[in-house]
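These are the structures in question, set out in turn.
Look for chain A in each of the two complexes below; its partner is chain B in the first and chain C in the second.
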Partner chain A sequence: MHLLFEPGFFTSGPVHTAVLIGSVTALVSAIVGVFTVIRSQSFAGHALTDVATTGGSGAFYFGITPLVGFIGGGVVGAGAMDLVGVQRVRSRDLATGIVLGAATGLAALFLYLDTTTSATTGATQQILFGSIFTLDPSTVPLVAALSALTLFVIALVYRPLLLSSVSTELAGARGINARAVGLIFMVAMAVAVGLSSIAIGSILSTALLIGPAATSLRLTSSLRSSMVLASVLAVATTCVGILLAYDSSYWDPSSQGLPVSFFIVAITFLGYLFSGLPVVRRRVGRRRGDLEGARAVDVGSRPMSEGTA
Partner chain B sequence: MSRAPVLEVDGVSLSYSGRLVLDDVSFEIGEGEFTGLIGSNGVGKTTLMRVILGSQRPNSGTVRLGGSSSAPRGSLLGYVPQKVVLDPDVPMRARDLVALGLDGQRFGWGRRTRQQHAAVEQVLHDVGAEGFANSRVGTLSGGELQRVLIAHALVSRPKLLLMDEPLANLDPKSVQEIVSLLHRVSRDHEVAILLSAHEMNALLPAIDRIVYLTAGRAASGTTEEVVRSEVLSKLYGHHVDVLKLHGRVLVVAEPGHERNDIPDHPPLTIS
Partner chain C sequence: MFTGFMVNAWEIATIVAIVAGVVGFFVVMRGAAFPAHAIPNGAFAGAAGANLIGINPLVGLGVFSVGAALGIGSLSRRGRPDAVTALALVMMLALGAAFLSQSTQYEPEIFSLLFGEVLGVSSGEILPVAILGLVCVAGVLVLYRPLLLTSMVPDIAEARGVKTFRIEMAFLVIVACATTMTVPVVGALLIFTLMIGPPAAARCLTDRPGLAVAGSVIISLVIVWASIAVSYETNWPVGFFVGTLSAAGYGLGRGVAAWRGR
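Then we have the complex of A and B:
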């Protein structure tokens, strides 16, 4: 067994496609994810993955490429949640829950039909948990175009989105239509979720949306640095996940290797736990050098010194 | 009035689901004047603010800003809404929020010029917020947050600053600091301020004029002109006494007319 890179990793076509699509979709998820977390819309993001599941499984049944279904389902879901009132804080969870429930029920139907009517037994696995090594290289241009478009839209509404994420009242005072901005963001979130669905599966795309963003928000003091760190974490996590999954087929020659999405989600989760360790947070707080960080360090160390004195 | 009016509110009436919230309200605010909009909770202060902002249309009457009723209001108006709740987990520094006061409504990522950075630094200095300019906005105290919100509204150099109950939920020391800050700001920046409050005593030393609002009706003028028994009795529709004690003003209704719409204190019974 080789130390890190098993033979063929750098020459395999499926690995190239996987790394390319995985990295691009991880980047989009990370950027959109930072806004998802600061807008406290993680639950809405998760509901979109369920709607994407419906779209993906439906597309599979009708013989369309799942990517179209993932994104189409997500966008329709975003519109539905907006109509049911996801933007009013009080009815937000309710609206999300209703759409989520309805979508998952439909997904159950489509997944049943997929597995009973098609010869492919892996449909459920592929839709829910992804199959990044079986991606058709011809989807790369579409993925790249949709990713670029999503990032462009986020950059376009960056300032109004930021202000309305911080406070809808302050945004309203500047004449910003917070609802319109919120709807644009929901659609961007739906596309981001749809894109990472083809990489790590629709159910797990929440992990890549929320995980790197939440981790980086703990470790940085400005939004721009959060977005940079989240992007780096997401892309690195995806690449390492692909590498480990590829290597895993060599660990036990009788097996086919473990799923990529497992590794990606595991690394993301461990990273989030690590970022929450007091020692990590305190170091970051000190480096930040602002009053808030300094105060946090002070409070942490004082009782000890008093106890020993 | 010697100075040209920045804001003219003329005969504004507005009813909301059958209830008359504003009843023929008229007043003017001159350039650089600090005006207190005084009234207890639920008398229509916020509604009046919304009408001035243009986010709510009155049933009748006009609002003219800078001499025009149709000019875009964004550049003339700064607004500090009531109850701004900010999340401590959002990595936005106080100076970032102030900078969004310059261009938060614009499209695009936004690269700020040196002049814009200088304007942000200047306004942070003017409101005394340099000490916490790099702290996350969600971690600021009430008084610190008010300073940052004032800077956010002021950085685009508006002619009129609307502040909806900025003193509610502040401790007495912060109230005094914010009031004297606004007094200084209105003079130095030549910005007119309309500040709503349900407590007028903290404002009396600082404000030039008062708009007293009750049950949708308003009386305006200098404090001496408005806060008098005759004027307020007419406004309330029953007799009230205005007592001046140790530099403080108390509005007291006679027994049988204790109501909740008298600012400054719960209804008093004089026995």
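Then we have the complex of A and C:
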């Protein structure tokens, strides 16, 4: 038992909070992430973490609650991306890039003002690499409530969102306003990403949004099953990552432990690489009784050059 | 404003603006904004790693940025490019966080690697940056026609026997090269902004590729020079002015294009 769980793992308060918030945000990220990946909006999903961080550093400067800054920043960023043209495949990449550039410029200013006007050191690092072990337990209910709200919104627009993700023309023919649905999704993603950036840091936010979803979309054939698989993968990875990070401080007493983000990202990345191995894909394809099973999942993946004019 | 250490800042910023303007044009044309963001941001992890084991940060930066470019390029072949890029980025960032957790002094380093210290450039740093910059621009010029062809009409390029995949890889390596030279002096975030804003603005103004490249270089020079001047006067970070001016430049370009009715 002690080989796997170092002493104090089950009784430590910070570990409880970390496991709880980590699992909740991982679950929401995974479900939102499946749509992010099929809509090819990974760049926007990642950029929103940086935009949310800008909001967070602004909140730090103005003395507002960081959570408001993170979520507010993300939502404003999502709106700005929509304004520049994130809804069209052609200009999606560019719209995200322009908003991201402006937001990082603002972040540079806020962080500069934070470090020069207040005596607090560690602002940069705290904002950029927020640690899961230093979470305030009192934020748990708020994080849970906002997560539930995000999932509710996704459930509400599930059908139109799915249809417009697969084919904009088809959605248009059915009378779905693809732009409105896209904007609703972007805002939901911004809230999810803002939550996870403040709770688990911006690195993990992107990792849990894209990793489990991309892996499960390779291994399953239906959207529902890939959402279930992605959620399971995300929560399991988070818990194992927290355990390993906790244990790592006991491996070599002379040095500090490794960060949680390192373990979670490493597991996620290796999982994705593993799911792409020809052996795994062939096996999945055969089980589906579909010769091109492995390929069918990847419909919608385009070469990097496409999507420009 | 034009004496002492500021001379170095003006020189290095000019080199960076030219390289970003040229390489950035193809970043925008190819829709490669995400790799262009991921490579510089992830590469700073290499500098952190080099710092930890006590070698020149440039080596770490180079290894990480070229490694990222090749990894993103080859994995994109069999997966969704944007998802692959995101995962490669977070993997590098997580390695960076692991390196940083093992070293003791880092706060100012993170800030300068991400946001740059263009006003603190020493004269010894100019020559290597100039050489690498020349290599990047030369690389783009040599590959100009196939790059253009594969960006605009990939099918025709394929039919003409252009190896699309090799061109893609070569282009990502050029981006990596531009990253290695610029991250230590201007920061990861700033180089990305310069590779997106000015070329996007230039493309709103003209359809001709040659003109657009020239326009993108001119716009990025104006943005960088104005940013340094204002930053010198106000003491606010250069990155803030570059970021906001780039976005404003693009907005202006869109405005002009709309006014012309295009």
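In this text, the second predicted complex is superposed on the first by the 276 of 309 C-alpha atoms of A that agree within 3 Å, B and C clash if a C-alpha of one lies under 4 Å from a C-alpha of the other, contacts with A are read in each partner's own complex, and residues count from 1 in each chain.
Convention: a residue touches a chain if its C-beta (ideal position, glycine included) is under 8 Å from a C-beta of that chain, and two chains touch if they have at least 3 such contacts.
If you're wondering where the values come from, they're calculated on a predicted model, not measured in any experiment.
Shared-chain residue A:Tyr158: touches chain B; no touch with chain C.
Shared-chain residue A:Gly101: touches chain C; no touch with chain B. With both complexes placed on chain A, chain A has more residues touched by C than by the other of chain B and chain C. Touch criterion met: A:Ser40 reaches chain B and chain C at once.
In the superposition on chain A, A:Thr220 makes contact with chain B only, not with chain C. By the touch criterion stated above, A:Thr268 is placed in contact with chain C alone, chain B being left untouched.
Touch criterion not met for A:Leu142: it reaches neither chain B nor chain C.
Contacts of A:Ala180 after superposition on the shared chain: neither chain B nor chain C is touched. Within chain A, the residues touching chain B in one complex and chain C in the other are 37, 40. If you check the complex, the residues on chain C that touch chain A are 28-37, 75-76, 78-87, 89-91, 93-95, 97-98, 100-102, 106-107, 110-111, 114-115, 150-152, 154, 164, 168, 189, 192-193, 196-197, 200, 236-237, 239-244, 246-247, 250. Contact residues on chain A toward chain C in their complex (touch as defined above): 37, 40-43, 45-47, 93-94, 96-109, 111-112, 115, 121-122, 124-125, 128-129, 203-204, 206-207, 209-211, 213-214, 218, 255-259, 261-262, 264-266, 268-269, 272, 276, 298, 300-309.
The residues of chain A lying in touch with chain B in their complex are 37-38, 40, 155-160, 162-163, 165-167, 169-176, 217, 220-223, 225-226, 290-292. Residues 53, 55, 73-74, 79-87, 89-93, 96-97, 100-101, 103-110, 131-132, 134-137, 139, 149, 152-153 of chain B are the ones touching chain A in the complex.
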